[in-house]
Amino acid sequence: MKFVKYGSLGIISIVVLAGLGIPLSPSPQGWLEFPIIPGLEDKARNLFFHVPMAWTSVLAFLVSTYFGFRYLRTKEIDYDLKSVSAAGLGLLFCILATVTGALWARFNWGSFWNWDPRQTSIFILLLIYGAYFALRSAIESEEKRASLSAVYSIIGGLTAPFFIFVMPRMMAGLHPGAKGDPSGKGPLFEAKMLAPNMRVLFYLSLIGFTLLFIWMLQMRIRTARLDYESSLEQS
Amino acid sequence: MSAFSSTVALFSKDVRSELRTRYALNALLMFVVTAVATILFALRSDVPSPTVLSGMYWVVVFFTAMSSLSRIFVSEEERGTTMTLQLVASPSTVYFGKLFFNTALTVSLTLAVTVLYTLVFSEFFIIRTASIFFVTVFLGSLGFASAATILAAIVAKANTRGTLYPVLSFPILIVLLMTVMNATARALEGEAFSEAMGDFQILVGYILAMTGGSYMLFDYVWKD
Amino acid sequence: MNQITLTVSGLSKEFNRRMIFRNVSFTISTGEALALTGKNGSGKSTLIKILSGVLTPFKGNVVFTVNGARIGPDDIKSAIGLVSPYLQLYDEFTGLENLLVLSSIRSNGSIRAGRAEALLDRFGLAARQHDLVRGYSSGMKQRLKYAFALLHAPGVLLLDEPTSNLDAEGIEVVRQVVREQQKTGVLILATNDEDEAAWCSRRFQVA
Amino acid sequence: MSAFSSTVALFSKDVRSELRTRYALNALLMFVVTAVATILFALRSDVPSPTVLSGMYWVVVFFTAMSSLSRIFVSEEERGTTMTLQLVASPSTVYFGKLFFNTALTVSLTLAVTVLYTLVFSEFFIIRTASIFFVTVFLGSLGFASAATILAAIVAKANTRGTLYPVLSFPILIVLLMTVMNATARALEGEAFSEAMGDFQILVGYILAMTGGSYMLFDYVWKD
Amino acid sequence: MNQITLTVSGLSKEFNRRMIFRNVSFTISTGEALALTGKNGSGKSTLIKILSGVLTPFKGNVVFTVNGARIGPDDIKSAIGLVSPYLQLYDEFTGLENLLVLSSIRSNGSIRAGRAEALLDRFGLAARQHDLVRGYSSGMKQRLKYAFALLHAPGVLLLDEPTSNLDAEGIEVVRQVVREQQKTGVLILATNDEDEAAWCSRRFQVA
């Protein structure tokens, strides 16, 4: 789909240009200036990258689990190819989100890692992805590999609600909106702080990264199919 | 009714087999004793806080469980008796039989660790709210067993087994671990029973989600 | 007497994309015996595993009926007996314990008191029934598998390499079992041996 | 010479088998990450002292080692290939082949844990006397491997005899653990190399006693 | 040609105080073939295990000589080949890898390049030599065991249940092997089958 390819590339270019290029000002005039958020300053720009990446990695996990589920139902190996492809991309975005988040945290909260609830949950997501691939590499039979890894990702998915709802209850967080944060919502999402232009750009970025994911997924599925077919011919 | 009696029969077969070979019991004892001794040694000079103590308590349980709970399926697979079981029992019988066995094993494990802890850390490890502690330990054992059983079935079909098992389990169990550590710390700090209700709700939810999910997915894992 | 029918239609199986057999179909009913023949590696054991329900076919299906009524997957367990080289019994139990434990696990698998002992006796294991299976010789293990397979008087008896490891006396008992099974139910055996194939009324060449 | 080349051949068979089927490196790495994370979790709020850190370091190594080192014999026994090995190799070839393999595994394991520790606990885990640290890690790995190898051989057979050997073997491992923890704490506290000589002597003595004793006893364990 | 002699004197074996056989003695030299016969559980396999050195006898001993010189326990490994139901090869290696790996472990076990492939070809496994043993059928595994046993051209070949799992074509190859071995060395086989026992020039009834 041409639309997905050019759409994602176009939107992300806009986000990169505008997100990095639009100047900050203490009293923003119109759409071409961002407000300065106290305590965040220039670092607020990371919002446009870090959060969509985290979102994409979660989305990829859901997509992978969904295709795993379809595989179990139909036993068609094509669903497994889709499922791994999504998981591979998910791992990639998960690493990107962790790295951008850690850098952000280094300059905002003082250290790369603080076991904030969101950090903890993304860490678990990383571990699940790692375990998923470790499991796959330990099974030779194609059919077994597909069904066992699908089962694992569903079991992993079952725990997701718990770490979304439980984690923040358990531990004090640094992320805006966490337990013990008086403002409730974070500064960026408080209506006053997140200027409409930032808001638009943020949602645009979410859409852009989602499209990027879809485009990359299509490519990966295509190469996975080709790999599969060429190994078919060999045997 | 007959499905239930099959499950019980499978459970008692595993118990007898274990009593005869002692594979899991041996491993269990070895890990518990070593782990507690090591921790004792590592903490030599410090006065551990309730958080650290409850953390260590569940770390010992976690690693020990990891070394023994997977045997239940791995041993069937390695001896080639999986097919024999498939011939006589339906997947749900197998799942529940093994789940009961693992639950029994985890409960005895937590009991052993508790006894050892009260002996070794007599000065620090004081259970101030016994009701919280025992409910936590019981629900925690159930939760461990419920997740560990399906993962053991998965691992038994893979090649890595020994090391793969904790790798698969940790991300799944971490929510459970955090909740039980939290509740155990409450028990050590002497909070009122009602304070821990939230934790218990999470535990019950976790157990239901895991057993329900496992029950539905077990067929795919168990049959070739 | 029950009229048992086993209908196999369009079975195919592949392992890692290697096709083992394709489109296998046959029907067999009470009173018949079928010999599966074929070279080493042709897929006889794979077919037996699919018939016994421990392996799922790639395509096609297997249907059991008793007196015209189709049997669900849960009840199939009490209708099938299997003897095969890749079936293992529990090493750490005695011969008798194996039979009792396994029949208690089988749903509604309660057996008449004494049946296990009678079967062990028939297969010449009476004197060793209280010894651990770990110490059994290969022929003794094979005999025990027969006792296990016949314990619940299955309507369908599947035998893979029926006489392997057995001595002359053991083979004689198996021959009797085959003869009896043909009267009361269905017998399918997979073999490499021309003599054994000749025990059956019908024959199916795998691949 | 030919005995040596057999040993090397056995070693490389195990390495290939490991690479082929178990992907131990993959799972082992994830295991170490998991173990460190669990401990990190348990210690969340505290600033760990060198004693605690060195204790935790070796606890991780211990658990990882115990869950993977015993495979080397257990897998031969469970798959029934013990007899095949007996047919082609003499007991001493088998012992040394397996010992080398376990040593290699333990050394790579300690390296992985060290790297992870320096990354994760960058603020606390500072190796002040590198010489002590590396000698300790090296001797410790050797010691672990030498004890674990004979224990693995015993455990592989113990399953069939229902003995309590593994439990009896504790004292043996505890001595080693205490010594390496001690020496590691010295390295973290920045003591002079000479201070740790006592520990090193104990380690060397331990290794010699273990390998010597194992070598002599191995025949009895290995042959039926 | 080497003159190989195997002398067994006064062998006894018991398991858990159950006497399996007592005072077994015989001598066998190049050119001879011995069939061990007896009922299931009589001790044939136990005797084969003792001869191959994987089990120690309770009493008595086994002496190998080549051209009159006694062979020490370490060199015996390169003088013996064994095929038996309880011998397992490595599942995670291919057929060919199994042969190469095992012969490299055997001390001074270097073999001529191409010998492993030639043997696999002889036993009909050439087309499957690069497949993992895990996926082999029971007959294919048995064939591979023959290739393993013959790899180092052993002076003494021990066969326990030599034709189990094999099809007609496989049995024919085994028959040839048995014939050749009798010319160049010593052959001992344990069997329950009268036909197989008849392949041998001598016979020993166990217990």
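In this document, chain identifiers A, B, C, D and E correspond to the written order of the chains, with residue numbering beginning at 1 in each.
The definition used in the following text is that a contact is a pair of C-beta atoms (placed from the backbone, for glycine too) under 8 Å apart; a residue touches a chain by one contact, two chains touch by 3 or more.
Keep in mind that this is a model prediction, so the values were computed, not measured.
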Which chains lie in contact with each of chain A and chain E? C, D
From chain E, the most remote chain by mean C-alpha position: A
If you average the CA atoms of chain B and of chain E, how many Å lie between those two points? 47
Return the distance between the CA-based centres of chain B and chain D, expressed in whole Å. 25
Taking the mean of the CA coordinates per chain, how far is chain D from chain E in Å? 37
Can you work out the whole-Å distance between the CA centroids of chain A and chain D? 38
Multi-chain touching residues of chain C, meaning two or more other chains, are 15-16, 86
Among the residues of chain B, which ones contact at least 2 other chains? 20-21, 79, 159-160, 164, 167, 170, 174, 178, 224
Give the residues of chain A touching no fewer than two other chains, as numbers and ranges. 127, 130-131, 134, 138, 140, 171
The chain A residues in contact with chain C across the complex are 140-142, 232, 235
For the chain E and chain C complex, residues of the former touching the latter: 15-16, 38-41, 45, 85-86, 124, 128, 135-140, 142-143, 161, 164-170, 192, 194
In the complex, the residues of chain C that touch chain A are 15-18
Quick one: which bits of chain C touch chain B in the complex? Just the residue numbers, please. 49, 52-56, 73-74, 77, 80, 82, 86-93, 101-109
Chain B contact footprint on chain D (complex, rising order): 21-24, 26-28, 30-31, 34-35, 37-39, 41-46, 49, 51-52, 54-56, 58-59, 62-64, 66-68, 70-71, 78-79, 155, 158-160, 162, 164-167, 169-170, 173-174, 177-178, 181
